[in-house]
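Per-chain residue numbering starts at 1, and chain names A, B, C and D are given in the order in which the chains are listed.
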Amino acid sequence: MSQLGTPMVDPAVERRANRMMMVILAVICALLALRAVVGSSVGSGDAAVTEHGFGMVYVQEAKKGFVAEQSKEKAADGTEVEVRRWKPAAPGQTPEIAWTEWNEVTAGEWAAAQRAQAAAPASAPVVTVSWPRTAGVWFAALMTLAVLSFLWRDNPVYKLAESVVVGVSAGYWMIVATWDTLVPKLAGALVPAWTKAHLMPSLESAGVDWWGLVPLGLGMLLLCRLSARVSWLGIFPLAFVVGTFAGLRFVQNVESDLVAQVATMFEPLVVVKHQALAGADAAVAAPIDWAGSIGASLSAVLILVGVLSVLAYFFFSLEHKGALGRTAKVGVWYLMITFGASFGFTVMGRIALLAARFEFLFDDWLWLIDPSGKH
Amino acid sequence: MAVVLASLVGLVMVLTAFVRPLEFLGTAVVDWFNVLAAIAFVLGGANLLKMNLMKISARDAGWGYAAITVGAFLVTIGVGLLKVGAHPDPLHPDVALSGDKEAVGGAFWWLYEYAMSPITSTLFALLAFYVASAAFRAFRAKNTAAILLLGTAFIVLLGRVYVGVLLTSWIPADNAWVSWLRLENLSGIIMGVFNNAGTRAMMIGIAIGIAATSLKILVGLDRSYLGSGD
Amino acid sequence: MSTAPQPSFLARLDRIDRRWIFLMMAIAVAAPIIWVGVTGRTFPETATPAVQGAFDAIERLPEGSKVLVSFDFDPASAGELQPMATGFIHHCQLRKHRIYAMTLWAPGSPLIGATLADVIGNDPSYRYGENFVDLGYQAGNEGVMKQVGVDFPKAFPNDSKGTPLARIPMMQGITRLSDFDILISVSAGYPGGKEWVQYGVSPTLTQGHRLPFVAGSTGVQTPQMIPYYPVQMSGILGAIKGAAEYESLVNAKATAPGETVPAKYQEAQRRMAPQLFGHSLMVALILVGNVIFFAGRRKGAAA
Amino acid sequence: MTFAVTILAQDAAPAAGSMPGWFMPGKGLLAITLVIVAAAVMLSILWARSGRPIRIRKIAGLDAVDEAVGRATEMGRPVLFIPGIQDVDNIQTVAGITILGKVAKTAAEYDAEIEVPTTRSLVMTTAREAVHAAYMTAGRSDSYNPDRIYYVSDEQFAFVAYAGGLMQRKRPAACFYFGCFFAESLILAENGNSIGAIQVAGTAETTQLPFFVASCDYTLIGEEFFAASAYLSGEPDQLGTLLGQDLVKGVAWAAVLVAAVLATAAALTGHAGLAAFVDGARAALGGG
């Protein structure tokens, strides 16, 4: 990442930048080392367990077992049918299917469990360090730093994070679209029996819905775009998409952004406010609140002037001369104030996001702060 | 052909907004569109794969990163489709794939929680730094317009945090003639009056613009989405 | 002003490596986080009209009202929007509303589960399928909004766990968007609050009656939403500040005076401290930048 | 006027409306507005097609396109064009692609390399066709290289990360951002600045305009962006559209003024009928 003003090639600047980076890295490493030896005692009171380290995640095991039981139920047509329903296995019952789930617990709970184990071994459910999730926190922290390193300059570590996220996110979108939309709406429509048997056991469907072939067909044409020879076929789903949205937007934009916005201008430019007094007939009896009235009227006028002048700026078939030119100039001022406000709000948002990342580093990873009592 | 299709579905969408008997048609078209949108994600993924594989096979510069991308992509697809580490739905423990794909503790969840989230959100956070350098470099009071933009940004920035309250706390809050001068109130006025008016006018203009462009697609005048002009 | 060393100093300052500015920003944001994390102190908040409007819109609904919450954001914006989502769910829980959670952003669906688990946890009065449901993600953006307005079960055939809506008690009687009592969208961009106004809640789409709509919005989006308030929207939470104000409103309702507020309901308020220093730094940067600019220009004029 | 009043009456009280049963109640005014918009646009397009001249006010920034591409050629550096980060279902993307066609044509004439990363596979294919067409019209289809127009990722920040890295690596001399942009606008513009590229932007995303205004050499604000495609092409259809939009805008302008005047009059005079009309109108228009 080269800075502005000075050319990237300036060796002095680059040396300074590298030195700066080295210093920052050194500081980070020093802090890490310090953090690792300054013992982080986990848990509170006499349950406290001192263990050197941080960025750990602890889990508690939760055993799940299920048994199937046959039962007769009335089908839709009233006939008795034999159905097999799965129920959680009762204590002592040997489950036909069983697995263990691991639920996250705070370090405090882990410390307490450690003490309990020491006192009376093999009683409570196991509470232990979750190495996959601990590794996850560390991976996330390192990736966070890797991305931040882009501020220094584009570098391999950053490119690594970049290429990882490109792959993962593309895959993520594909998977979510598949499971949440394609399976229920496409597979569920065209091959309901198979879908119910293997993918969505609780799917309820009234047989094959042949209309599902339409999006499937369009989708196949869309996939034709992958191959150069038949890619022209992809024009049809494209036209479908563009057409649908052109129709939607033509109506909805006019309704909510043109008609409804004009409607909001049905506001009197002269507003008379009365001082709020206690008592039932206050509104009648109350003297006029001049400051309030003038303020309200003024803002009403200013809004009207603003809307009209900014609209004038967006006239394209007329040269901006004379009255129109002057009005348009006022419009530009309004636009600039609008942009200034927008800038302020955006800055606020960006800083909040940065704060969130630092909170992750300090809280989940380094355990420097603990606002929500996780460790 | 394609143009006809576009106009047809477009007009259907317009009509269904007004003609009750046609409402079902509108929902059908939208339903197809939604499924198509999902298929488009698959196309997107396949495209990414194709692109990076070509990069790798051609040993382009940085093909190693392409390999990482492909790896990450394939791993995500794999664990996502097979719901690795996600337990089945307790009502149907016998159906392996009946579980929640994003179940906490699963591999897919891990990738989301520890790879996708931190990287994307940190990329977002980078903007705080860029916005700072932009303010130092780009925000110069060159002319009236710039002064207005700058002054507004000042008032909003200060008025939305506690320092604004402190700076103008000397202005009596109960005197309506002057209390509007307090920074927090001033920023409120800017938002409610000036920003309101400016944004509303832009909104109206943009709505008309979008309506016109949509209309041209509906009647087949605008075919730029087909690429070549004809 | 026009003494010999100063312009050169300013000139040097003008050519400062932007990475120093980055470093300043990092410190301005990081230091207060540590400070707040250690002391746990936050600034007082007074609600602005738009935030109060959002609070009232949810407050005035009778107990057990049907609230559709759309989590239209991803982890990238969670720093700003998660406190809002948490606040909305927390408020609905206090008012004992029925919560229907959905998202139009694929990366948003895990956030639904996380938020519901975080706020509702194992509150015995909230049973899945009766008091709250996670409908997950559907592809199609405005397509889904439009469809939801006409035929909800067609847009969301099942919840995130694959259970058909027919098997979910609280979904009985939900045929279209207008069957809900209020719509809440926490949105980071497209599709989000703006699209909900256009394709969701406008009266002609909701059988004439105006569906109350409340939006939590990123700082970037907020100015764009203002013209919709108060007619097309009942309230807006603008950026982290709006979230902090809303948090304080909800917490004031949730906790008796003197009682300590759970840390998870103060996320936004905690974040106002880094905001303060960040904003101050920005103002300082703009000032310095312009001092340099004008000094340079005066020098140019003199020469 | 009387017509409008009857419509208002019907919309205010749909039940009493004489609208046919198949017509959804409360949508009369919307329908009429749509007809007005459509009529204005179509008629002005016909007007333009009949060869009558349409003056377009100068849009600063569009002349910059040629200059920027030319500079890129001199410096032997590529031209970067980003058609927003939304899909082809977004009108802004479509407008961006239209402008891409023009930029590509200029690039083809100057023989400058043009690079177009996209966030959607559909945008990629559409852009390829647009650029290919441009190169053919410039008679240089031989030097058209589809591999320089490619899909990166649907994920916004994966894309901006790639684009940022790309700018640092390839150092394009001219960057064009025409389309629907969100948070990435600042990073793109910042990176463009840091490599000293000429930057021209155009978007209808009001939230992103401040950044483009602040850090780009030229910015097309909101509808100026849509006007740009017309300005660049000089096609009668597009010019006509522009005229049509101005007509509608004129109507809206007058409507806003009338609305305010009527409301004020109603408030000052306290005339019951007037007040009723104002409220009816606001309600029928969806103004609450």
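Assume contacts are C-beta pairs under 8 Å (C-beta built on N, C-alpha and C of every residue); 3 or more make two chains touch, one makes a residue touch a chain.
Please read all numbers here as calculations on a predicted model, not as lab measurements.
Two chains share more touching C-beta pairs than any other pair, namely A-B.
Chain B has the C-alpha centroid lying closest to the overall centroid of all protein C-alpha atoms shown. The distance from the centre of chain A to the centre of chain B, each centre being the mean of the chain's C-alpha atoms, comes to 11 Å. Distance between chain A and chain D, defined via averaged C-alpha coordinates, is recorded as 27 Å. Inter-chain spacing, taken between the CA centroids of chain B and chain C, is 14 Å. In chain D, the positions touching at least two other chains are 24, 27, 30, 34, 37, 87-91, 94, 121-122, 125-126, 152-158, 161, 183, 193-194, 206-207, 210-211, 213-214, 221-223, 227, 245, 249, 252, 286-288. Counting partner chains per residue, chain A shows two or more touched chains at residues 1, 3-4, 147, 150-151, 159, 161-162, 165-166, 169-170, 172-173, 176-177, 180-181, 185, 200-202, 222, 225, 238, 241-242, 244-246, 248-251, 253-258, 260-264, 304, 307-308, 311, 314, 335, 338-343, 345-348, 350-351, 353-354, 356-357. Contacts with at least two other chains are made by residues 14, 17, 30-31, 33-35, 37-38, 40-41, 43-44, 47-48, 89, 98, 104, 112-113, 116-121, 123-129, 131, 133, 135, 137, 139, 149-150, 153, 157, 160, 191-192, 195-196, 199-200, 202-206, 208, 210-211, 213-215, 217, 225-226 of chain B.
The touching residues of chain A, counted against chain C in their complex, run 1, 3-6, 13, 16-17, 20, 24, 151-152, 169, 172-173, 176-177, 180-181, 184-185, 188, 200-204, 244-245, 248, 252-253, 255-257, 260-261, 263-264, 338, 341-342, 345-359, 362-363, 368-373. Across the complex, chain D meets chain A through its residues 29-30, 33-34, 37, 54-57, 59, 87-91, 94, 121-122, 125-126, 152-155, 157-158, 161-162, 164-165, 168-169, 193-195, 206-207, 209-211, 213-214, 221-224, 227, 242-243, 245-246, 249-250, 252-253, 255-257, 259-260, 262-264, 266-268, 278, 281-282, 285-288. Residues 1-4, 147, 150, 153-154, 158-159, 161-162, 165-166, 169-170, 172-173, 222, 225, 231, 234, 238, 241-242, 244-246, 249-251, 254-256, 258-260, 262-271, 300, 304, 307-308, 311-312, 314-320, 335, 338-340, 342-343, 346 of chain A are the ones that touch chain D when the two sit in their complex.
Touching chain D in their complex are the following residues of chain C: 18, 76, 107, 141, 189-190, 202-204, 208, 210, 220-221, 223-224, 230-232.
Within the complex, the chain D residues that touch chain B are 21-24, 27, 30-31, 34, 37-38, 41-42, 45, 87-88, 91, 94-95, 97-98, 101, 120-122, 124-126, 128-130, 132-133, 136, 150-158, 160-161, 183, 186-187, 189-190, 193, 204, 206, 210-211, 213-215, 221-223, 226-227, 237, 241, 244-245, 248-249, 252.
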